[in-house]
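Here is the structure we will look at, set down as structure tokens.
Letters A, B, C, D, E, F, G and H mark the chains in the order given here, with residues in each chain numbered from 1 onward.
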Amino acid sequence: MKKVAIIMGSDSDLPVVEKAINKLKALQVPCEAHVFSAHRTPNAAADFAKTAKENGFGVIISAAGKAAHLGGVLAAYTTLPIIGLPIKSSTMDGLDSLLSTVQMPSGVPVATVAIDGAENAAILAAQMLALSDDALAQRLSDMRAAMTAAVLEKDEALQKKLQA
Amino acid sequence: MKKVAIIMGSDSDLPVVEKAINKLKALQVPCEAHVFSAHRTPNAAADFAKTAKENGFGVIISAAGKAAHLGGVLAAYTTLPIIGLPIKSSTMDGLDSLLSTVQMPSGVPVATVAIDGAENAAILAAQMLALSDDALAQRLSDMRAAMTAAVLEKDEALQKKLQA
Amino acid sequence: MKKVAIIMGSDSDLPVVEKAINKLKALQVPCEAHVFSAHRTPNAAADFAKTAKENGFGVIISAAGKAAHLGGVLAAYTTLPIIGLPIKSSTMDGLDSLLSTVQMPSGVPVATVAIDGAENAAILAAQMLALSDDALAQRLSDMRAAMTAAVLEKDEALQKKLQA
Amino acid sequence: MKKVAIIMGSDSDLPVVEKAINKLKALQVPCEAHVFSAHRTPNAAADFAKTAKENGFGVIISAAGKAAHLGGVLAAYTTLPIIGLPIKSSTMDGLDSLLSTVQMPSGVPVATVAIDGAENAAILAAQMLALSDDALAQRLSDMRAAMTAAVLEKDEALQKKLQA
Amino acid sequence: MKKVAIIMGSDSDLPVVEKAINKLKALQVPCEAHVFSAHRTPNAAADFAKTAKENGFGVIISAAGKAAHLGGVLAAYTTLPIIGLPIKSSTMDGLDSLLSTVQMPSGVPVATVAIDGAENAAILAAQMLALSDDALAQRLSDMRAAMTAAVLEKDEALQKKLQA
Amino acid sequence: MKKVAIIMGSDSDLPVVEKAINKLKALQVPCEAHVFSAHRTPNAAADFAKTAKENGFGVIISAAGKAAHLGGVLAAYTTLPIIGLPIKSSTMDGLDSLLSTVQMPSGVPVATVAIDGAENAAILAAQMLALSDDALAQRLSDMRAAMTAAVLEKDEALQKKLQA
Amino acid sequence: MKKVAIIMGSDSDLPVVEKAINKLKALQVPCEAHVFSAHRTPNAAADFAKTAKENGFGVIISAAGKAAHLGGVLAAYTTLPIIGLPIKSSTMDGLDSLLSTVQMPSGVPVATVAIDGAENAAILAAQMLALSDDALAQRLSDMRAAMTAAVLEKDEALQKKLQA
Amino acid sequence: MKKVAIIMGSDSDLPVVEKAINKLKALQVPCEAHVFSAHRTPNAAADFAKTAKENGFGVIISAAGKAAHLGGVLAAYTTLPIIGLPIKSSTMDGLDSLLSTVQMPSGVPVATVAIDGAENAAILAAQMLALSDDALAQRLSDMRAAMTAAVLEKDEALQKKLQA
């Protein structure tokens, strides 16, 4: 199976990014994670993107905050799908990260998920890979069914609580 | 090849959506377009999503404005990747469409592109399908190379203009 | 009397929603509360809305955060009035929840109250039911009079405090 | 049947408000419209609200822009449900009108619809009255079914257009 | 001297409002403070405004949060200058309070100060009264001179700290 | 009577500012208008503020857009009340002008009116001067009464229109 | 003298950028302008930045809209000062361009000017170069004096107009 | 070498500003810091700016929050480059500070860095001075190389952590 790369702009993003790593593991999708900054290590970021396909990656998740250029920088060097994960930072409540990630000019998309939405970045990557992997597609369906069941169980628990 | 579906919440979205249709045609990706509203035709939208995979679709683009629930509604009924295309409407400059589309809760992602970013929605869909289609991947690379060349030509034209 | 349903998208919304439950109890309006997610349990949400009228419900309060589609999804399957209660989540200070709830397209309204405004959601539901229930209308008037008296008492207490 | 009142803060709001009047007529809901300003004619606004119930009104729609206090002022003098219709003005794209209308403090709700969402204000008023009027409830269901059919017809038209 | 009235919409605003009371005391401007809600005690608020002038008040400070209608409601019943003090509440970071207060329609101004800017509300009130009170004008000038001196002292302290 | 000064940061603000001039004339309040920029003519702005009181001015209206520093700059050199009139410019819909004007730090208030709210700036200035001018206070009351009558006439006209 | 480079992300930015070119010409600062996209021609942009210093450039102005990554991309490859000029595009009123440009992470600054503030970008570049060029510093002082005079002339013209 | 001045509007800004002082020290750039308020000590601020050049300063960093006029006030009295450092205050999450600083009118630029971006303000100042100081330019290059190395080390550490 093609691998998923998770590139974060700073190791301070790791507490959020770890949720993506764990979700990919739960879906049995191989992944690698790196700290590459669009601004401090532009060559490393560009090189990673340029060689990602030949190195067996299918999707790249880019996690960055503030003026979050990392997704766009990676997208500039590959036509693999890039998933943008805007990280909430200490000011502007994540709006800067979101707009910097999603408002890409025509020609070079970044598939953006919610601010701090690390689990959804992982699921979206898996959905892309599942287009040609029926077993993974089944695991996604199972995960969804489990989510549905979990909500219904919470509803049952609520009924008991309210009647108590 | 798997098809791309483009679902728009209103036929007033067609002028924006047509750019996605044309881009998919240029990339030789088969697509279908439909007008299904999350609120006015919820059953049609749900049925489309439930049967999309078996009907040969690989990716669904959802175009909607204001409180743009269509992407989320489609995503609720399938684990195919959903691309959310927020449409700018007459108030709030598209911020409502963007936030309604991108801020999905954990478990059910919508891959969001820029407000009115129809071409990028199409390219992103093609990038996903290209994960298992080398010929399409090549067409994406060629399209990117053409874009690069076009910018460089514009730079040359600018140099001539400035020296004139 | 017709019942009020309170549907919350996640059980994490319960601390806010409980204020609505308590206010409805104080107004002697029968209510039920459920955890149904627009995205994780779309069928349960749709089924609830479709059968709400025949099951004796008159008004549905929908509590959800982030890309809050729950109100719109419920409204799509019934013509009972839907009250949207936007829940503040960890990013965007509730603006995403508010816009996702209130900016509904023409034809399918969601009656939106303030972010985290659970008590007002309950009072609004009661006001709707009181249109055909004079006793409830009287209880609403009494509650308003008590609120007025409470403010005037606070003003008196302030006068004493300032003169001390 | 109880009547719906539409109070607008300025006669410049009439082009938006007229859509609400027309929708109520289409639903055969009797309505009256007035120009009363919360700030320029506070007594007229207060008097209207105080006597609305005894004068046969069941619901009041309040249309106002900028610092839109009208909904709150009317709500302060009655426990009838007040529907707030924020009007987009020449600055701030309607955000001021929306927040001034929807963010009501606990105890005095205003049921807010989308910015310039006049049709939805009318439909919401009808939904409230329909709680005790089965014929009106049926007309709302019929209107919804017609909306559904209209979207499906537009989808058919789109299919023909795309295949042409 | 004419008195300043400080009306707050809720006694929860008192911690902010107290700074205005203290500043007025420091400037030897007589003031009264009241808790009157635009929505819960509309008659008390209106009556206060109607009789403020004859009761010896020259300026009214209105402190309120969220959909802050209090300033507008007071302004509707008097032509005395109204100072609007937007209070930051638990959501929206005070933007709702600010826009609800400042964006008044033509004809009925509210002189708005910064969010939670209680001291400035007091100083502004004193500046208005000082237009016909030279002693108060002098106290304002003295207060300004003291502020200037305090900043220059802080600069001196900083120089010592940096050289240490 | 003390005069009102209207300082605008650019002569491009004149179309908005003229409404303030006309309203002051209608209220028989003497006024002067000047173009002084906080950034291009800081000395002229500072000198005007420093000598405003001795030159017979009671109130200064400051009209400026974008990073609107003019109000603060004038306020720094006088303790006369400064009214800030935020002007909407070509970007940001006036939000930059509003926040730059209203969010003054403690000690130096600027009494802010709505974006482009020139008439209210004039009325507010008159209200301040009327604190010690009963004839002007009467003209303000008359103007308010005329506004009230105008709204009621518009309501009557609407009734005729709707019944026609 | 060191040259100023103006890099724009798209030739559609030229109408705004031309004001910077003209202002630099007026200040006799040599400049070159190029169309290089951060996303479509990342190598050209990177190469330009890497060699800018040795090619005689002292300052780079980066003009870009939407998710404006160009300034950050150029800054990543040089320690020359980068001036970010956010361009207003068709949605979000320039807020996306501004935040994408200004909110740079620690270590790699972009000196940001106002949205569409092309003249200021040019003046700022000249101010930087004038640190070691007294003649240019004098031309900047002269330009400022001319601006001051122009405002004072406009004030005189206004006085004549108002007295007419 | 020319010195850098750091002017802060309040000594409460010192915890943020200290990062700029430390960064300038690390780059061996001489600097002075002062507390001068645009509104409380306008003369001190103006005098500092007027004489900054002759006193050996090359660049001025202006740190201020809320309605942050300090950068513009300093810029009005000098043609030295002014760097604006918007400080996040207790409301509005720094948006007011940012817009008040960056949206300067044409003719008088303020080079704005990120909200609370004190280190970048210092680096930007050094970059300007390095235009005519090769040794400083080298120190900036070295600092950048160290930053790059630090990120790559963090990536290596992450690889070890993930493999453990």
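Assume a residue touches a chain if its C-beta (ideal position, glycine included) is under 8 Å from a C-beta of that chain, and two chains touch if they have at least 3 such contacts.
Computed from a prediction, not measured in an experiment: that's the story for all the values here.
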Please give the intersection of the contact partners of chain B with those of chain H. A, G
Which chains lie in contact with each of chain A and chain G? B, H
For the sequence-identical pair chain F and chain G, determine the rotation angle of the Cα superposition and round it to the nearest 5 degrees. 90
I need the pair from C-E, D-E or F-G whose contacts repeat those of A-G. Over half of the residue-number contact pairs should coincide. D-E
Centroid of chain A to centroid of chain B, CA atoms only: how many Å? 18
For the pair chain D and chain F, the C-alpha centroid-to-centroid distance in angstrom is 34
Between chain C and chain H, what is the separation of their C-alpha centroids in Å? 48
Provide the list of chain G residues touching at least two other chains, using ranges where the numbers run on. 10, 37, 40, 66-67, 91-93, 95, 102-105, 107-108, 110, 114-115, 144, 147
Let me make sure I understand the interfaces: which chain pairs count as touching? A-B, A-C, A-G, A-H, B-C, B-D, B-G, C-D, C-E, D-E, D-F, E-F, E-H, F-G, F-H, G-H
For the complex, which residues does chain D have touching chain C? 2, 53, 58-59, 79-81, 83, 98, 102-115, 117, 119-121, 123-124, 127-132, 137, 140-141, 144, 147
Quick one: which bits of chain A touch chain G in the complex? Just the residue numbers, please. 9-10, 37-40, 42, 46, 65-67, 69, 72-73, 75-77, 91-92, 95-96, 99-105, 107-108, 110
Sites on chain G touched by chain B in the complex: 10-11, 14, 21, 32-37, 40-41, 44, 66-67, 90-93
Going by the contact rule at the top, pick out the chain G residues touching chain F in the complex. 88, 93-95, 114-116, 144, 147-148, 150-152, 154-155, 157-159, 162
